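The following blocks contain the structures, represented as structure tokens.
You will see chain A twice below: alongside chain B first, and alongside chain C after that.
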Partner chain A sequence: MNTKLRRGLRLVRVLLSSQYAYMLEYRAEIALWALSGVLPFIMLGLWSGASGADASNATAELTPLGLDPIALARYFLAVFIVRQFTLVWVIYTFEEDHLQGRLSGYLLQPLAPVWRYVSAHIAEQATRLPFVIALAALFFLLYPAAFWLPSPAALLLAVLAMQLAFALRFLIQFALTTVCFWSERASALERLLFIPYLYLSGLIAPLHLYPEPVRRLALWTPFPYMIAIPAQLLAGEEVDVVASFAVVGCWIAILLPLTLFLWRRGLRKYGAMGA
Partner chain B sequence: MLGDAMFGSKMFRRTVVRYWRSLRSFWGAALAAEMEYQINLLIELLATGGNLAGSLFVLSLFYRSGHGLGGWSWEAALVVLGMYTVLDGIASTLLQPNLSTIVGHVQNGSLDYVLLKPIDSQFWLSLRTFSPWGLPGIVLGLVLVVVGAILAGATPSLQDVLLTGLMLICGCLILYSLWFILAATSIWFVKVWNATEVLRSFLAAGRYPISAYPIGLRLFFTVVLPVAFLTTVPAEALLGRASFSWLAASGLVAILSLLASRWFWTFALRFYTSASS
Partner chain C sequence: MAIVDVRGLSKTFRVADKQPGLGGTLRHFVQRRHRLVPAVQDINISIEAGEIVGFLGPNGAGKTTTLKMLTGLIHPSAGSVRVAGHEPFRRQADFLRQITLVMGQKQQLIWDLPPLDSLRVHAAVYGIDTAESKRRITELADMLELDEELTRPVRKLSLGQRMKAELMAALLHQPAVLFLDEPTLGLDVNAQVRVRSFLADYNRRTGATVLLTSHYMGDITALCERVLLIHQGRLFYDGSLEGLTDRLAPCRQVRLELRHALPAQMFESYGSLESQNGNEVRLLIERDQLTRQVGRLLADFDVCDLEVNDPPVEEIIGQLFRQRDAT
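Moving on to the complex of A and B:
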């Protein structure tokens, strides 16, 4: 048992360090990806601009909606950070690996291919970290009134919620990824999945601005737990922690067996490209 | 090369005919290839419709609460959103499929073959293929523009409509030039294939009227990244409230950025040394 554990730990270390070295080669691209996540800042501009108070003059006046501009700024910065660490792109890499026949080689190795993709994602998040810190620093420089440091407890909860958000998003996308076994262009499906993610996750507005029925409906879907809930925790807002984690747990309990089932069915279908 | 051919109108006409014929065969082949994936049409229709519904939902969030968007009425804001949807459709139809291949040509060295072709290289790289999957977006966007304009009570004269079309063309040219210049930087930095994604993510700001942003962002989206000319100015032209200075500025920016893209491409090619050297 002990040797098995040690072997597993060594495997994790090797996988992560090799993927990290690989990702460091692409740091320019990863920085650009980080930069392309500007949507939360555009939305912050809209919600704080318009008829409301100007975001750049940091008076604590309320906008006509009763939105506290500083809370708004913190929320959208938190959204930006959460999004950076929960991005999932496995469907694109897997589709390419499948079409180019690299998957056959991975399947021969004594390690389920999914771990290769998980470690690539984690390594990429680690590569992102410095850029995200730099962008957050720039944000505080432009808008010093919004500066805050989350309490250790809030930070711990937020990081945990972010990890769960990443797991949830990865599981959903991986379930779609298995469609690659049946179709050559499965990544087009991700475009469809992205729509409810974009509009229900709280990326475009804090959830409390949604009409009440929509908000309640959204909270039953997995999407707010991918952005809004971790962001609220990070920004130090009140969140029903127990209920949120319970919903996430339920979704993972549904998605995990489903994804495993699809993966096994897909593998049976798999005959390598060109066979 | 194109410039040389412009002397003499007979020569010019022959060149135009030749380029037009090339374009038709390019796009015919592209269409035939894309038709292999018919299920994609369904997915794209769903995606375009879903995205539009989502954008309308976001817009409704601003108006439901009385927050508004920079003094624009809900109906007028619909016109802006429609203009954005049209431009986004054009980007998916022409810009994205063509300009995203430039990096690949530089990386594999196949740009050599492009340069050897007896056709202008910028023309070939910019219009070589087209993807029909952006067309639903263009149609839906136009519908939204018309519906929004009618709801807003706009009574555009023929002149206004023509002006709107002209402003949209200017917007397209500005967008194309920005995109092309970014893609052309891959001659130096091969690994910038997603720089155009950064551009695209900033362009999302054009979904809403430019006056809805705080003053700093408004300046940024007019001077640094001219998003204002892409959607707000055409919408204002249709609603009959565009000022002459904005229209003139849009035309000027379009011409200047097109010239800049041309100049940048010839400049960049001087630094191109093929893949292995």
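Moving on to the complex of A and C:
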């Protein structure tokens, strides 16, 4: 193994382990964050109530709305899991680092600051893992009929789709984050994006419940690939894998150079305030 | 060749101009007004490798802005900068490996983890292998007298211990150029002395170049032979600290303790009388007259004790800045 590669791997290991140690200091807070991500279960309750479905009953048939109660329960559990591993909060941390002057310290080191934030997110996902497993176990206790184990192939595809979903969300948020170089409060923009994210990602309802034109339009935006598609893959539903991955690839191909461009322009504008 | 070479460096900031009160707030909301504030104007600096240079000026004079341009954090509005053969604002990895910036009031260590964790990250970021980083950590810890503090969370350390740990992190990659912005800010006298002697020692051992800003004259007098004075963004003195004292304080203070009190007029021919308190007399004597007049004083009076002092440097520099303000 050449020296450069060895150093690179060591850097990844050290960054992840130090960020994981840091996150463990806040494990109680992270547990609360994980618990606060129960919106999919609320949506499951709402949809089940509205359509008269009962997922705890293994013999439940299709509801008048045409929903399979077990598929619905699996979908929303998968949404919960996908959300836990694709959460992105870089805009808030970066904004604070920018205002407090910590960013200057990062910029003076031969490592692009973005990698610190990426490693912090990955470490946080690892910290969430036990809470997610515990909540999933609790869910299966309450809805035993909904228990399933995805096939290795489905699991592999779902994990890949989750990684891409995380990359997509991270890139979009990091592009918005660069606005910090021009305006001190870039996080306001993130809140603007929350509305289309909420409606088009599949967080509040499975995509097939949307009117066909809306569903088709949604599939051209990045939002369904952040939740609905990885969740469907995880829940074992049928997904056009090639088309989905191709759309995600296109969005990443657009967002990556755009983010790099904004970052470079932003650095020229950087005033190193608070430093 | 100079390791820091700055030519015609200027930086102008565009800042929002808002009047106080509700009217001012509404006008500011509807039509924002900005004005250009020149923070640094046409600065020329050349620093040779191994020098320790003090960078002095009142608050808002442009010291930190200059340091930010020298480290590549902000782009200059005009002029050229070369540090260690690089243009800093290009932020090339090779340049970043050769410099460090320590900001006294800012911390880079991970707050909730022990300094050793941050040091491990630093070592990995700078590509220092494990054995070498352990050797450097031990060496720096010895020099800075840090031990079990390195395994305690940063938040549990005292300000002095934290500053020393920050210095360790900043120097782990053995930078050739150190930019230190108020490195002893808020430290008690003992900690200040330790940090100063560490910096002097580090400079001696590694031949690193140091550009230091500080409001504590003790830092400057203990470390710097050369000083740069900046006021309202303009550099107006670049030379030795001694030369500054000679230029601005042409007289030295001579304190005499006499066996018997004598009338003031008896000292008129020796220098100007600064004060007299019983047996104690303080005279200001021009430097070129000092030896002759001190000889005369010892011959002419019954002197129990004699002391020759320079006026305090902070007084001289303070006087200089006041003069610049007045002009």
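Everything that follows uses one rule, which is that the second predicted complex is superposed on the first by the 265 of 275 C-alpha atoms of A that agree within 3 Å, B and C clash if a C-alpha of one lies under 4 Å from a C-alpha of the other, contacts with A are read in each partner's own complex, and residues count from 1 in each chain.
Everything below uses one rule, namely that a contact is a pair of C-beta atoms (placed from the backbone, for glycine too) under 8 Å apart; a residue touches a chain by one contact, two chains touch by 3 or more.
All of these numbers come straight from a predicted model, not from anything done at the bench.
Three-chain overlay on chain A, with chain B and chain C fitting side by side and no clash. Considering which of chain B and chain C touches more of chain A, the answer is B.
Of the two partner chains placed by the overlay, neither chain B nor chain C lies in contact with A:217.
Of the two partner chains placed by the overlay, neither chain B nor chain C lies in contact with A:133. Shared-chain residue A:241: touches no atom of chain B or chain C. Of the two partner chains, chain B is the only one that A:209 touches; chain C does not reach it.
Touch criterion met: A:45 reaches chain B, while chain C stays clear of it. Shared-chain residue A:156: touches no atom of chain B or chain C.
Of the two partner chains placed around the shared chain by superposition, chain B is the only one that A:33 touches, whereas chain C remains out of contact. When both complexes are overlaid on chain A, the residue A:253 reaches neither chain B nor chain C.
When the two complexes are laid on top of each other via chain A, the two nearest Cα atoms from chain B and chain C are 6 angstrom apart.
Under the contact criterion defined above, the residues of chain A that touch both chain B in one complex and chain C in the other are 26. Against chain C, in their complex, chain A makes its touches with residues 7, 10-11, 13-15, 18, 21-22, 25-26, 101-102, 104-105, 107-111, 267-268, 270-272, 274-275.
Within the complex formed with chain A, the chain B residues making contact are 37, 39-40, 43-44, 46-47, 50-51, 54, 57-58, 61-62, 64-71, 189, 191-195, 197-198, 200-202, 204-205, 208, 212-218.
Residues 13, 64, 68, 71-75, 91, 93, 96-97, 99-101, 103, 106, 108, 110, 112-113, 117-118, 120-127, 130 of chain C are the ones touching chain A in the complex. Those residues of chain A that touch chain B in the complex are listed here as 26, 28-29, 32-33, 35-39, 42, 45-52, 54-56, 63-65, 183-185, 188-189, 191-192, 195, 198-199, 204-205, 209-211.
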